[in-house]
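Two complexes follow with chain A in common, the first pairing it with chain B and the second with chain C.
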Partner chain A sequence: MRIFKATDPEYLSLKREDFKLHTREEEIHDAKFETKPVGFFKDAMLRFGKNTASIIAFAIICIIVILSAFGPMMNEYGYNDQDLDRANLPARIKGCEGINLLNGSTVLKNRRKDNLDNTEKYPEGCILDVFNETVVNGVEMCDIRIDTYIYSGYGDDYFWFGTDYLGRDLWTRVWRGCRISLIIAFAAVLTNVGFGVIYGSIAGYYGGMTDMVMMRFAEIVQAFPNIVVMTLFIMYFGNGLFAIIMALVVRDWVGTATLIRAQFYRFKDSEYVLAARTLGTKDAVLIFRHILPNAIGPIVTRTMIAIPSAIFAESFLAYIGLGIRAPEASLGVLLSHAQTVLLQYPYQTVFPAVLISVLMISFNLFGNGLRDAFDPTQRGT
Partner chain B sequence: MSTKRLFSLILAVAMLAAIVAGCTNQNGAPISSPPAEETAAPVQSEQPTQSEEPQQVSATGKGTLTFARTESIATLNPHMYTSDIESCCIEYTGAALYGYFYNDDKSGVSLRACIADGEPIKMNDNGTVWQIKISPDARWANGEAITADDFMYSFKMLLDPKLVNGRGGAFAEDYIKILNAKAYYTQTEVEGAVPTWEDVGIKKVDDMTIEITTSIAQDATEVMSHLAYAWTVPVYEEMYESLMNSDRTATTYGTDIDKVVCSGAFTYNAWERDAEISFKKNPEYIKQDMIQIEKLVMKIIPDRGTQLQMFEAGELDYVELNSSQFKDYEEDPRVLYSPSIYVKYMPVNVNNPDNPILSDVNFRKALFLAVDRESIAKLLNAKPANYLISSRFLADVTTGESYRNSKQGSAIPDDHNGYDPEQAVALFEQALAAAGQDKVTITLTYRNDDADMTAIAETLQSSWPAIFGADRFELVLNGLPTSQSNDQIRAAKTDPTSFDLGFAGWSTNELAPWNGLKVYGSAWANRYDTFTSERYDELWTLANSSEERFDHEKRLGYVAEMESIWLDNVSGIPVIELIDKTLKADRVQLAADQWVNRVGFGWIYASVTDAE
Partner chain C sequence: MARYVMQRLLAMLLTLFIIVTVAFLVIRLMPSSIYDDPTISAEVLDMIQAKYHLDRPLIEQYGIFMKNVLLKGDWGISMKIQPNIPVFQVLGGKVPLTLFINLVSLLASIPIGLVFGAFAAIKKNTMTDHGISLFVILFISIPSFIYATLLQYFAAYKFGWFPITYTVSDMASVKYLSLFLPTLSLALDPMAKVARYMRAELIESLNSEYILLARTKGFTRSKAIFRHAIRNSCIPVLNIVVPMFANVLGGSLVVESIFAIPGMGSLMIKSINANDHYLTIAILLIYSLVSLMTVLVVDLLYAVIDPRVRMGGKKQ
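On to the complex of A and B.
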């Protein structure tokens, strides 16, 4: 140990009384921030709030969710109330008489001109326009625009989205179908995220042989073609709600598991984890309290982006004839039927198609906004 | 506003404008409609027919007839085909000994010699030996003469026990029972020994004559009918042999158009799998003077909406309309109507141990009586059917009388087309009491890619609980794609729990209902029904094999009794009989002004006026 000795005479002349303990008079403390503290989520939300497109998308999603919940209750028709006499009526909304798509009119093609005066067939006032007059095989023909509601004897009724092939109200069925699609999507995504998180956490935390075995199994599951797996699953378990949700989960959890595993490899050797382990913290607490929260951003982002994929997958299943069991409807089931009559009854396609498009775009914009908010380094990717 | 944002805004507005323009196009002419002057050409009659004056027919024909089918083709081998479209191709390109043609005034169908030389010759008094002469004018498409050796080889291969061709069984026994043919085909013993080919009742008499020996007495019409099936079309020996595998258990004959030799009205021109197959007129065809068209083009287009668009665009010459498409053409004079061979019915799995109430005939009868056939038929532009045999079946080919219009066929009461909800409820209550159940849940398996079936299924799901009580009856719908749905119903043979109610419809022998009813008998391999009745099987044998079948009225009586047994047992619940609607282009001139059995609208005999 080296002792410093003063040689300067000025210092040598200093007495003990010349010294005083400076810090004892002014106590030093950690100062409080003058602004409110900003945590991880707060920070993310602040960033999210600056993303206008995502905010609008979120608002649209909220409106759609509300309408899915309450839309079917907004008129007196049940989703399975059939009336074959009012089948295939186009959309009709009060106050929209000037818009062809919404005024209950439709075009009947290839009509005999000599039949147009037959009021038994065409009730008075139902023919709005006669056009495209031709002669086919010596018979005078034309196309006519009619008020379908008067034509069918439902002149006082209004079906906002029209009716389907069994006379069921499409407004009710579209919103109920949207509800089913959202339930399927949310349930499927939450299930696969839940399972994937647990699976990936265990594999990533323990590593070694456990990780090797678990991830090889996951790779085997992922190697099966998705369409084949989903199809076989529904063929075996039927096309109920639960079976369709499980069909969407059976393979899709692997992506989440892989993502979480990577997060665990990134954080499990951090000093704070080592410290917690040294203090005797149990594995489960380390996994779910100390490491997993680091992955919450990617999990939320992945969940939001997976929802439109699940809606799309459900629609795909409906298109190959494996949709939800009738008389229940989903957006996919409605579209699947509507596209077969696209040329005859285009309104049956328009409403569910617009809704599913808006839903997909909104979820994608919302998911992108969340991703940018949770991890700004990913912005624009 | 930045340039980028301005550009985005302009782009969005342009897209919206395009969408709105598409929506409002309904006000104007349809996009696919040809200009008025093209469609306004006056035509002399609503259903133009061939001119009365004989037309000059060139050996190569003139014009192209283009049409579409929804199914794909797997094989062109007449011994193995399974689907209707394959049968169609084989009938276009192959000539059997006998065939169905227009009668003289084209008002009906007539069974006549095709490449046979006249009717079969009865060689013994009891009608078990028949000789068939082959016309000296019969030729393969390559110009070689068709001889007795060709038929001997074809029939031998058709029955070959190693090849086990799918159509061999029907050739051995259907209209006629060829001596020892079935035993040879299945390699089963007869009188202690398995027959060899030499024991089978098919012999060559001379180069242009074959002789068929049957195990029961037959008449000439039966022999001709049997030898008019598409699977009796001859195969070309040299090619068939060259394509045979080393152990002679399979051949690739007919797997491509250069692996088949034609003998019929057309030859194969080109085949692009799952897209298009085309045919050109065969100048060597024995009846080539009946064919005026140079070329047939069959496009494979699974979507009927696309087919209709192509027709509207002038790319197809005729197209079949489904019930939703028919809406736009119900008053169109170009629409041709024809009876469908199908009665759509719901087979009931009477043996399902999971749902034993299905075995109660009262319960099944209750379901039968609770079907509002008229409403369903109106919805689907079809005909209500509380019977099994459709209007297309004939009681008598010579007169063209429909079985449904015959004395026997019209005996089925048509009160409200079998709809009686009150009686249905009474029977339902009886069945429930007998089963000791408070509520019944049954599952209806249906093809959800078929709009008509989906509509029927969903209608019943709503209407049956309304009749029986929603708290006492539930119908669960199990919609599946066609192949899975059919498989599930047919699986009942091995898994009795595979279905409760299904959907089915048979395309069977429309000219002989007594024969066609085989598809509901217990011996039919591909059946949907789980119903079995010894009496039914006995009646089928009586109507097809006994001496009594030559008494026409008696045979029709057997048919009526068979149908009655099936209906009384409610093995299935008939719903509707479809009505086929076909939209024909003006440029196609049909040979006859009406649809007839087997020949249909006679598309291959039509002429195309503006083929250029």
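On to the complex of A and C.
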């Protein structure tokens, strides 16, 4: 190939016909893309789909959400129907007569054997099993397993999770409590993320003095121990639904804000932002349309991982007596009540405890799956 | 370094000041009065209120409180829980117990978590690894009060290995035995967190080039792991340990109430419910102080362990 200079006589004498287009007529040999382009979300969903544990967790979450929406309607008992005569009945489900936890039976210890036939004391058919027979001072004693429902005259009722100390149906209360816990957790996390995103965006985008002041304020908020902030907040605003939600947000937004701010620092000086700015794009559009979508992965992940912590924090408040106001119940309130009668009526602890554990495990697995999908480099941490 | 510590201490004092102020105002602005016993006659009530300056405007009460605190170091007296006893004397017996179960559980959980995490990373993708990972997920997800309940029901009530609740006893062995279950239920969660993080970090280290170099130079695998990989993995793990210390006292509140430990948790709930204002302020102060102090100490330790961290570093 020759290089012509502008002063070369040959260059000046070049004619239009001497030039020819290089590849206009010839075939281009590049292979065409056979596949469709995969976007960010589709890519993430594909990765998520490969994670069996997360899919199962997601299914379980869906089931729990549906049950907490419709569970209380599945039997005729209201969440606040009190009846002291039927207090503390264990769980009884039709068809589970063989399983001791679910057949409404209780063990009574040290009963006189000669009294067992007395139908005034033990109504017809309430004794299921007699065992541990001993003789004490010449009196025959034994332990018996009775059907508590027949024993207390509620032979036709089926309380699937039993009843509490006021005779309220625990199935209804557990699902209603689960609903409240979920509402609190979702509302708290959404508020937290919403506020954190706006705060972090402004601090990160404008930088400089604005950033300095805003982040110092956030640091001061974070210096308060969580427990102290939550306690003071609920003491002041009372234990309504809204106050509890706000108590969970009051300090947690700082983490989200820091995360978003870091994302803004990463992207705000990149060329595409500069180009958009040159074209006269407004600040608000730049923030929310051009820069923020970069952080969508971390935001989604953070939201999902924050939900189990919010459920935990809510139960925690319930345990220290700052839970939602009676007669409403959350999972935490139910658990803390059940805790006080654990040794007498363990079934009252079992159902909410299993539910909250399954819920937390599912949310954690689901959150991990989402994080691996959105950011494969973080896998395993 | 000394300058940095001074700066941090000053910032801490400022935070504590704000916390005490907020706590004072919030508690005083609550609707119920300290003395709401209907049997007290109006005259006596007036006298009591005058004695404790409750009849003055709020801002003046705050001034008096702050003056006593700053000049005499007098944080007031307990009004309901143990009447007329200075608040810190009431607190004195409770703080060590709470501090004990929290610090012991946290300090014990870190090395155990590190060992399990390292083990899982070295045996990556084997049954050992999957087993450890399963337990990690369980321990991270399930709340501590559920373990506490389970342990109490099975280990203490059914099998009788441990006392069901906290037992006051002159014999140290009985006392510490009754503290074992609460400590264990507090330790599981940080243990799992550390293990999970350590596993991820160590796996990354094991795949890095300096390990390959060490192996090429003739190090055995175990030597390469122990000399190089583990050391480098421990430092990032500190990142998640620091926030644990920040919340060091908060975690035990529920576990304390489950095992009936007469620690700060139950005292706090009681004093809030009884409107024992000065005591509540003192408890909130202790919570904040301990958490701020531990974070400071851990931050300083960070610099000792990792020389690359320069304390209070400014932009060069």
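Worth pointing out:
The definition used in the following text is that the second predicted complex is superposed on the first by the 323 of 381 C-alpha atoms of A that agree within 3 Å, B and C clash if a C-alpha of one lies under 4 Å from a C-alpha of the other, contacts with A are read in each partner's own complex, and residues count from 1 in each chain.
The rule is short, and it goes like this: contacts are C-beta pairs under 8 Å (C-beta built on N, C-alpha and C of every residue); 3 or more make two chains touch, one makes a residue touch a chain.
Treat the numbers as computed from the prediction; the structure is a model and nothing was measured.
Of the two partner chains placed around the shared chain by superposition, neither chain B nor chain C is touched by A:I56. Of the two partner chains placed by superposition, chain B and chain C are both touched by A:G321. Contacts of A:I296 after superposition: neither chain B nor chain C is touched. In the overlay built on the shared chain, the residue A:V139 is in contact with chain B alone; chain C does not reach it.
By the document's definition of touching, of the two partners only chain B reaches A:N239; chain C does not. With both structures placed on the common chain, the touch criterion links A:V107 to chain B but leaves chain C unconnected.
In the superposition on chain A, contact is made by A:F131 with chain B only, not with chain C.
By the touch criterion defined above, A:L365 lies against chain C but remains apart from chain B after alignment on the C-alpha atoms of chain A. Looking at the shared chain after the overlay, A:L342 reaches both chain B and chain C. In the superposed model, B is the one of chain B and chain C that contacts more residues of chain A.
Overlap of the chain B and chain C interfaces on chain A comprises residues 235, 320-321, 342-343, 346.
Of all the residues in chain A, the ones that touch chain B in their complex are 80, 82, 84, 87-88, 100-101, 106-112, 115, 129, 131-139, 141, 143, 145, 165-166, 235, 238-239, 320-323, 325-327, 337, 340-346, 350. Those residues of chain C lying in contact with chain A across their complex are 15, 18-19, 22-23, 26-27, 29-30, 137-138, 140-143, 145-146, 149-150, 152-153, 157, 164, 196-197, 199-201, 203, 246-247, 249-250, 253-254, 257-258, 265, 268-269, 272-273, 284, 287-288, 291-292.
By the touch rule above, chain A contacts chain C in their complex via residues 220, 223-228, 231-232, 235-236, 308, 312, 315-316, 319-321, 335, 339, 342-343, 346, 349, 353, 356-357, 360-361, 363-365, 379-381. On the chain B side of its complex with chain A, the touching residues are 23-24, 26-30, 33, 36, 39-48, 304-305, 308-309, 324-325, 327-329, 331-334, 375, 378-379, 448-449, 451, 454-455, 457-459, 461-463, 476-481, 484, 586.
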